[in-house]
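Naming follows writing order (A, B, C and D), and every chain is counted from residue 1.
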């Protein structure tokens, strides 16, 4: 086992290989799976989830976890929709200001989340879980349970306008993956996430302000959640308390499937991209090949396990929790 | 008063304070009948949380618990006419099996429990859908009373759910504090490597913890199914997060080795009281969830014993 | 240039530093010795800014300073090379070197990796380490990592105008002898730019390197000796308040082992990638010492005996029967006890109390049908607390809160009380002070008298020679030479080093 | 402390009697209930009025609640007087909340509720009856449970027979498809009764349209986003074969419309269910061909009214015939032709209902198959 087929290489590329095998598998069963149209559909359904998963990737690299995404997405989506309509309801007017506002909202919630976690010294699992409840509750309080429609043709153009067969929102998502990659590899903050994940006490002793890195990490994650919220609204045209539903377990599963370790320090943006695609390919593929609804949960579960098993370097870890 | 000495008592102090706050707001809350009834109703959730405690105690998590409970409501209802009380055995075995498989996947295949249990939950949910024919089912009243009437009756003014919960609590407490398994569980939670170096079979202990969690989730589902006299693949929805919250609020953090089943009893009761307080203080419906979250932060912040956490991750 | 004057530090219930005076001149190497708990680590923490003193003054070149955190200390040229490996292994070497100080390479928010690599190479050159700065740290050897840490601290040179003070906390604990010599040479070369405070339990090394030695006891400096006047025995006497005689290793208590009673037989055993073709016999009453450099395969052999590694070829027999199934459990059942090097992580379970730790490996003996007999556990623990003079307020005390020496005693008690008669000691005295070390040596002799066989990986060569009946020298996973030693007729240091390297 | 002991004794007796009553079965139940605390109370002068429902994120429940609030305001109280119990899709929370409220109000409660899952209905009704409160249920109830088995305390159960209306919307859809092609169905949570009935309605209609194929039916869990993803999958799987979409409710239809819009498909025939304002708007724009209005506003109001008036003794449920205890709610078909008129009548100006006309708009006694 050496040369290009060394264990490290295999493990590194395993998630991508799993993705390709899955694509091949579904294509053999249903050739239409591999059409540009269907790939566009998968991308559209993956785009909001990808943004959320990117956000939580940074947190997981730090060895923490964030369960607040459902609340953050809902609040960002709802405030965006309110502001968008209040400011005129079309992107050509002042309403574009609602876009940065939504991201700001995400940042603020992330910041509060980070402060509660770091300053009150509550483990992130608990702090963010509770913040998630607060977020969802806040969205409910703001809307009173109503749904807000965002009909603006220009904004919905994210979904309806296509370049090379793919809606614009797919390109937006790719752009944010590049932003994430830039943060991860070319900024101090991004590298510090890895330092904290690799050894928090050591990083602290090296003079790194770990608390600050953590809080900024949660804030950054909040901003990515807000971008996910914007894409989710663009996809459905509705902002509501339920906009954030189902993002929590799916995004974390995607991150793990992509090969980012829950104990921190390993993985990154590209892993998450592959992980999100794996989960969405399975979801779409099961419908496309006509698997009965009641077995889909089981098949998704089993395939996720297989994917994680294949992309874990079992020799390098002594145990997992 | 020395703060260090109060710390271990914070969970129940928090609980008593909450009860008193609600009681001062509305003395109806303190009526024994109401308190007993509230405790009886929280028992299915408590039993699930008991199982969750064992897994969180070793630093893992069991996200399959709700789906396992869903599955057992269906299994119990479907199997009741054929097997009678044997349906209970079927449920318990099914829960044990799902939990054991999760444990095996976690320990042997190195899939984090967050993902392995979520995935096995999907399997359980599919099984529930398949077995139920994707319908809500109900139990025949006579059959139910014949086989499971003892679960939901009442003696000495105390509903039997409480006895069942108490028996399981004492059982797990015994397991946790008096048996080699409980000791090993603590060792694995607090120092897995040291447990290995002491020759403990860590794999077996962890698989057993997950299996017990599955079993208790199944019992929770069974009790809920009997209480509601029916089953459906979505019947136990809404159990999972409160069960996790109950464990965490009780003071068993995810870092492992700290806390225990008694903490979970207190945590579950705290959740029940917070929930009831929403009604007693007439909190507006659209505000309840937000306030629940805020109280949760306060409750966790005041119950966790930070001196046992080396790094707050 | 750097001076502490009557520095005082109190913690609840402990007077950790008692009016300590401390001075270090430009380019000087100062040793700092004392038993565990003497106040060394508190003093170091005050120096590098982790603690703020309650009284007294800290001056640099006559100017009073007060550091709120390590970062401020760094800005004044004070850096720390930590005892435990403190590099973050998933980062590259250059990221580790500049961790927390990346800002200098950031242009418009973007990290300039090339500039950082160039700067890192310059730092590595200072410590004469020729590696690619973008190597992932996990791929380096322990010795290389130690040098990277030194390089990291030396970045202070560029950042700080004044002179540097560098603390070295047990820098040699994971190094082999020749690596230690390399490090010392480097430190001496670097005195042109920095002063060093050298903290170590290895007295010989302290004396070898330091110009002056501060001796601490009970939170106070009890003596300052210059290299010329220093003698190990005197210093040790000051540290412990009693003589450390030539019988330090209890050689007089060493008795012949019983060659007819083999406990462990290794016959041409190999583990792929770890060691190959190793054969030896361990007998009742024998101390067998495995000597070699870090990574030579010593630990892997211990782990094989315990059952944590499965041989790829060869046969292992324990007490006459050949082992086919390798697992820690079966090892324990066969009477093997393992005292691991990482005491806090692998030895004891922090968070569990004394009796819980003691019976962890032998719960079977203290339970019926899985139910523990806790009363008996406590009796056992009390017995062994007395027998080994374990300093603990009660058997309910969390082991994580005991001192290193007492933790080690708990680990030994765990195996001894369970009747283990093959004890594997991996660096059993690492990080222990002299008193605690002597206790361990006493226990080794007692165990031999009881017919126990011991395989030892020693902390120092002297310890290996002093304690062992038999020494097996290993290099790169292969056996080099076997030495037999009786009291008064032991191999010399030189003999061993000759075969090790 | 003797009063506590006495109290416990009292409760013990009550509970035993109640359980005895449940065990006695059909005939004995009403009589057994006579010993219960509820029966000891002839009428409750000023009961707390509460609505317990799934969540605030679905427009359907908001409509239900608006009806409940309108009823409360009709009594001359502020609409804040209505207590909301939200179960978030958790039967466990639903039951616990009801019990807490019963304790707080000392049983002086008029409760309208959807119990979230059918099996949850029995313990809720039993709890309310045991405490002497009054309850009206909608939608979820197991077939073996009937209001008349509980004397007066279980006032009524209302549900909607969805099979027929769903069949009618299906016919509109199939006609719009020209009687040929392929149809897909996106359903609710698979085990929910309405989801089952609405799919069955489509299947019934298809018998008369041999040239239309039911390509697939999958649950979309009443959820817009899930529906969006399922529809995307269908588009790949069947492509142009899909010439019509049958949705189990309006929120699913929104997701379907957006999935189609993403593909530039604007003229796909779609029918849905529930008659939410937004859906009616879409019908007026001919983006949806038909929906079925179940008048949740009235349903929400009348359920609260029934419970309230039974509690105050305005009418005695046990004197009413069975068709007044278990009945179907109203269904109104909305199509593009009458959408504007419908909107004006029911949505833009919510009609003022006579909340004492309990059974006027109802649709006959519930039939069990």
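Brief remarks on what is shown
The rule is simple: a contact is a pair of C-beta atoms (placed from the backbone, for glycine too) under 8 Å apart; a residue touches a chain by one contact, two chains touch by 3 or more.
What you are looking at is a predicted structure, and each value in this text was computed from that prediction instead of being measured.
If you take subunit C and subunit D together, the chains in touch with both are A, B. Note: the chain lying farthest from subunit C is D, by mean C-alpha position.
Remark: among chain pairs B-C and A-B, A-B carries the greater number of C-beta contacts. Per-chain CA centroids place subunit A at a distance of 44 Å from subunit C. For the pair subunit A and subunit B, the distance between C-alpha centroids works out to 29 Å.
Centre-to-centre separation of subunit B and subunit D, using mean CA positions: 31 Å. Shared contact sites, meaning residues of subunit C that touch two or more other chains, are absent.
In subunit A, the residues touching two or more other chains are 140, 144-145, 293-294. Listed for subunit D are residues 56, 190, 219, each touching two or more other chains. Of all possible chain pairings, those that touch are A-B, A-C, A-D, B-C, B-D. Those residues of subunit D that touch subunit A in the complex are listed here as 55-59, 61-62, 190, 216, 218-219, 223-226, 228-230, 232-237, 239, 254-255, 258-259, 261-264, 278.
The touching residues of subunit C, when paired with subunit A in their complex, are 70-71, 74, 80, 82, 86-91, 95-96, 99-103, 106, 109-111, 113, 152.
Listed in rising order, the residues of subunit B touching subunit D in the complex are 26, 28-29, 31-34, 37-38, 41-42, 44-45, 73, 77, 129, 132, 134-138, 140-141, 145, 153-154, 156-157, 224-225, 227-239, 242, 272, 275-276, 279-280, 282, 284-286, 288-289. Contact residues of subunit A toward subunit D in the complex are 30, 32-33, 35, 37-38, 41-42, 44-45, 140, 143-147, 149, 156, 159-160, 167, 232, 235-238, 240-243, 245-246, 283-284, 286-290, 293-294.
Chain contact summary for the complex, subunit B toward subunit A: residues 58-60, 63, 105-107, 109-116, 118-123, 125-127, 129-130, 134, 192-193, 196, 202, 241, 244-245, 248, 253-256, 286-294, 296-297, 300-301, 304, 306, 309, 311-313.
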